[in-house]
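Shared between the two complexes below is chain A, which has chain B as its partner in the first and chain C in the second.
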Partner chain A sequence: MRAFIIRRIGQSILVCLGVAVVTFLLLRLAHDPVYVLLPPESTKEEIETLRKAMGFDRPLPVQFAFFVGRLLQGDFGNSFVMAQPASALIWERMPATLELSFAGMAIALAVAIPLGVLAAFRRNTLIDTFCTSFAVSGQAMPIFWLGIMLIIVFAVQLKVLPVSGSGSLLHLVLPAVTLALNLAPIIMRLTRSRMLDVLNQDYIRTARSKGVVERTVLFRHALRNAAISVVTIIGLQFGRLMGGAVVTETVFAWPGVATLVVSSIYNADFPVVQAATFYLAIFIVAANTLADIAVAWLDPRISRG
Partner chain B sequence: MKRTATGFALILAVLALALAAWPGAAQAAKGDDTVVLALGSPQPTMDPRDHRARVGIIKDWHVYDPLMRRDSRTGRLKPGLAESLKPLGKLTWEVKIRRGVKFHNGEPANAEAVKYTIDSMLDLKNKFLGRGNYTWIKKAEVKDPYTLHITTKDPFPLVGEFLTTVLPVPPKFAQKEGKPGMAIRAIGTGPYKFVSWKKGVSLVLVRNDDYWGPKPAIKNLVIRPIKESATQIAELLRGGVHVIRQVPPDQVEFINKSGAASVKSAPVLRVVYLQIDQAGRDSRSNKALKDVRVRRAIAHAVNVDGIIKYILQGRAMRSATSVSPMAFGYDGSAQAPKHDPALAKKLLAEAGYANGLTLTLHTYSGSVMAERQVAEAIQGDLQRAGIEAKIFHFDNVGVYTKMGTTGKRGDLTLASWGSRSIFDTHQLLLPIFHSKDPLSYAKVPALDKEIDAGASTVDSEERKQIYKRAQQIILDQMLVVPMYGQHELAGINKDLELEPAGDEILRLYEAKWKK
Partner chain C sequence: MTTEARPAVGVAAASREAPADVRGGAPLGYRLWRVRYGLVGAVIVLAVLSCAFLAPWLAPHDPYRGVVSQRLIPPAWEAKGSASNLLGTDQVGRDYLTRIIFGSRVSLAAGFLSTVLAALIGIPLGVTAGFFGGKWDGFVSFAVNVMLAFPGVLLALAVISMLGPSFLNLILVLGITSWPLYTRVVRTEVMSYREQEFTTAARGIGGTQGRIILRHIFPNLASTILVVSTLEVAHNILREAFLSFLGLGVQPPIPSWGGMLSEGRTYMLNLWWLAAFPGIAIFATTLGINLLGDSLRDFLDPHQTS
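Now for the complex of A and B:
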């Protein structure tokens, strides 16, 4: 088990470094920051002066060497737009993003797993149809549209929840629900299908025939086995969670990393985009690694290879 | 087997607890003399010297004091922190600073402070992004505590205009705190004082009760970044936000009918025009554009009045020459090319293109209001005259500006120009029409001469004549299709009295609650 964990963590570190390099190159292919930092009305002199001052007149390999050198010290440089260290700006926003992501994931799990189990247990009944249609419609709704609809209904018409912003638990409700509705369908459908597989196996029939209570069969015998693939999917869903957070944060003006990243991309604020991508990559990779380790713990066969 | 179910229950319980325990900060109270402004992008640094962002300039005019301010109704210059401005000879200007004004931290706002601000800006080591607004200054000298002499590099007619971009900062604080400190706190002499700034959440300001000028009627001002226009409108209707900018034209009626808010518009300096690659700067451009008859055909084909009426719902100001009617030097007697598809066809045939012509039409998001619809309308008009236009749309203005300066814009460009909020014809003619400027796609030596003359002449009457001749050349040569000046569309809460301004700087310090 220990060797397995060490190997997975080693791979994760390589992935994070790869992400840093790719981000560096992609940003420079896509943008010339001086044209974004200065308004279109700027003169040629202004543009060239700024290019020199920022060091963008140096060859790309030189810029890359500087970037890597600083990266190894955990320094992403100062934001062009806010004149503050990029890392500090990201960490300032991280709690809000984590708050939203965990709330979204918690609601998604709280809805999806019971519904998935229920749908499998009551397969081909009205309940199953209801759960499955919930999943399909949840998957079909674009997260952006869903967010706006929730705002219109609950904030503008019913006036029970705030439209946007942060500061109280009430502010968290709409964005977290939006994110959860985006995540829940896939988790629910997977739980349902895995449960169906497991419920058809011999050991379940054995358990039932020796008189084990149905609840125990469902949650102790079946769910534990079904959980293995569900946990893997939850780990993988962290990527989707972050992508969903970008849209959700933008719609709800939620002060997280995602809104910062979006505005930084528009502003060609390289240091911030680089730092944010790097840290988010660490989070996603860490979530996946944890999921792998959790699966190995649930199913000891995996770590023994 | 027991571990699974308990494990899940445990995870959920921990998440739920973490969620419940999260500190819920007090919600901003409403109805307590607080006006909330939503802006589409987050605030850059608080240092007025180190950004060129519109949302930052709006904040600057509330916390800092420009040396010259502009009357939001008439558009004319009026004294700001400077009490008066007068020329002493060709290159030197005397600036009298208002007496007894203090920065919000108590430092005196005198001639020394202004000189410090200018010097720090000109010092290349500081890498300030706003430096471009100061490069006309050769030096600033303190004559007495409230008198400053500013010497220009060349005779410069726009000193007063450019002093609206000089916003003095407190020297001691700036030196002690450096860039990082100035970036997170705003200390000026303006009508509002900095209280707190939580990035991505809100910038909170409070009325400066010691302000030298008229004090704001509303005590608290909160500026929130909300990127999404639909969210801004929802907040406006709900009352969580009182003022929003850049309302999409197709949402105006919806807001007006809501009963919660209404849209007010004001003509602004920004003009929209269809640029033609007359100089053939882009090697891929169609050579037909070198023929003035073809350029005239394009101008007569486009129904500019129709675009204003149907797409912008009348919220635009027709320009006959592509110069903003609000700018000094606009030729009010000039005649815009008439919409005449038959004439357009005739001109094309004369030029040898009776069988039609294919051109590219570039545009980009960010500054031309409803740019996709306007571009498509132009495309339709051109098609009726026998010109096939292919539209290329760009989302990123930075990428697009670079294409412009490197000569890759192609045949036609639906573009706009804000003239740096300087209300003078020169600010449009130089960059868009002078053959030596990187964004210009025109090459007419006679026009270059007029533009150069306008820049070095200080006498107003003489300059007017120069610009009249320049605009006539633009029309004779049809270097662009002149279109219109845009409006600023602001959504304003029904209980609030506020007028949008012609320089796109909302002045909340002039706002008041309706009785």
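Now for the complex of A and C:
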């Protein structure tokens, strides 16, 4: 188990390094990064000074080494618009994004797992058809449109919930539900198919042939084993969760990282964009790693290879 | 695997064979759904494709010319609606139905072209990684893991903010951020073929590696690639719509569903339909493509029915 954890963490550190490379290259996609980093009205001297200061006149590997060095100190440079370190701005916004993400994930799990289990258990019935149709249409739904429709129905027509912004628990309802509706279909489908796999196993047949009550078969035998897969699912959906949070935040003007990124993109405030991309990616790597370790802990067969 | 019904609790032991769903036991509604959903998908996709190709003939008006005196007309069934603008008009007096019909062009073109680009990057990487294994495989898998660490749409946002918004950049960005799925799926499948008899046989009669890959392994991948591509087109249509919604995709006045949704959102307080219709168009299109993709998967790969 310990060897597995160490190996898994080692891999994650490598992936983080890869994330750093991509974040680094992102800035080089532009013709000349200096023009992106400086506001358009800068003078020639300013441009040259920055080029030297940032080391853009040096070879790429050297630049990368410097970039990683600054990265380790959490230094992405200052935001052009706010005159504050980009990292500080991101961390200020992170709690709101996490709040939304966790609320969305919690609702999604609360809806999707029971539905997935139910659909698998009542396979080929109308209940199954209903659950599957819900999942299929949910997956095709543009999440930002769904958010707008929810605003129109609940905030504009019924006037029971606020249109956008944050501050109270009521403000959280619509964004969290939107995010949850984006996540629930895939979680439901995965839960259903894992549950079907488990229900097909020999030990379930054995339990049934011994005369174990169906309810015990489902809850004691099947669900416990399916739970392992569900943990994996949660870990794997983290990237999707963050992506969904990005979209949801922009629709509801939720004061998280994504709203900041989008406004930074409009303002060509690149250090902020870069920092946000990097931190959210690291976050996802960490979540995936934790999920993997949790699964290995739940299922000893995995860490023993 | 038997399909043994347990009437006491109503559980049918899950059968792995797809046709069993269609044949018997299941209620009529379920069976109809299983048989028809691929057809429904195909009909929707065909309808959207006809809109895209026949837009100038199908659309009742000019998508770019607005009539100032006829701004923000509600849809025909509302009190102040008119029959000549079935879905009403937008804030510059352009026919909304016409713009929706023309909008299918951007969505389909962006979804299709970016998926082709993703396939061109992802498939060769996946095939070679799965076939040769070793260090190259290690490197490719690493690259896939790194790409998957980014919250999809955020990387696309960041890249487009560097390149600037345009249709070409949109396709580039969606393509270079969505190849890992191809690589991952193709790699796993090639690894399973590598040790099978037909590959060993081809090697035995002296086939070169290039020939084995192209003539023996690649044809086996066709169905997987087709299924992944269908689902990716739908996915990329959704992402294109979001980027255009943020104003980072196709630029106005070119009609795009994401862009129209973003303009319509301004009027959501009293003119809800302006935001509703483009979204319904996006939803129907991706739903159609997904249904088609799901049924293709069931049809082409009987092992994977879930």
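The definition used in the following text is that the second predicted complex is superposed on the first by the 263 of 305 C-alpha atoms of A that agree within 3 Å, B and C clash if a C-alpha of one lies under 4 Å from a C-alpha of the other, contacts with A are read in each partner's own complex, and residues count from 1 in each chain.
Just so it is clear, a residue touches a chain if its C-beta (ideal position, glycine included) is under 8 Å from a C-beta of that chain, and two chains touch if they have at least 3 such contacts.
It should be emphasised that the depicted structure is a prediction, and the values quoted were computed from it without experimental measurement.
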Look at A:A268 in the shared chain and tell me whether it touches chain B only, chain C only, both, or neither; answer first, second, both or neither. both
Does the superposition put A:R93 against chain B (first), chain C (second), both, or neither? first
Now for A:I148: first (chain B), second (chain C), both, or neither, which partner does it touch? both
Is A:T191 touching anything from chain B or chain C once the two structures are fitted on A? First, second, both or neither. neither
Report for A:N200: first if it touches chain B alone, second if chain C alone, otherwise both or neither. second
Contacts for A:T248 in the overlay, against chain B (first) and chain C (second): which applies, first, second, both or neither? neither
Touching partner for A:S101 - first (chain B), second (chain C), both, neither: neither
Quick check for you: in the superposed arrangement, does A:V285 touch first (chain B), second (chain C), both or neither? second
First, second, both or neither for A:Q237, with chain B first and chain C second: neither
Where on chain A do chain B and chain C both make contact? 30, 36, 148, 151-152, 156, 250, 262, 266, 268
Over in the complex, which chain A residues touch chain B? Could you list them? 30-33, 35-47, 49-50, 53-54, 81-84, 89, 92-93, 96, 99, 102-103, 105-106, 109-110, 113, 148, 151-152, 155-156, 159, 162-170, 172, 219-221, 223-224, 227, 250-253, 255-256, 259-260, 262-263, 266, 268, 298
Please give the residue numbers of chain C that touch chain A in the complex, ascending. 1, 6, 8-14, 16, 21, 25-27, 29-30, 33, 37, 142-143, 145-155, 157-163, 234, 238, 241-242, 245-248, 261, 265, 268-269, 272, 275-276, 278-279, 282-283, 286-287, 290-291, 294, 306
Enumerate the contact residues on chain A facing chain C in the complex. 11, 14-15, 18-19, 21-22, 26-27, 29-30, 36, 120-126, 128-129, 133, 136-137, 139-146, 148-149, 151-152, 156, 189, 192-193, 196, 199-200, 205, 214-215, 239-240, 242-243, 245-247, 250, 258, 261-262, 265-266, 268, 270, 273-274, 276-277, 280-282, 284-285, 288
Complex contact set, residues of chain B against chain A: 1-5, 8, 11-12, 15-16, 18-20, 22, 24-28, 41-42, 44-45, 47, 50-53, 124, 127, 129, 131-132, 135, 179-180, 182-184, 198-202, 224-228, 230-231, 234-235, 237-238, 240, 367, 396-399, 401-402, 404-405, 417-420, 427, 431, 437-439
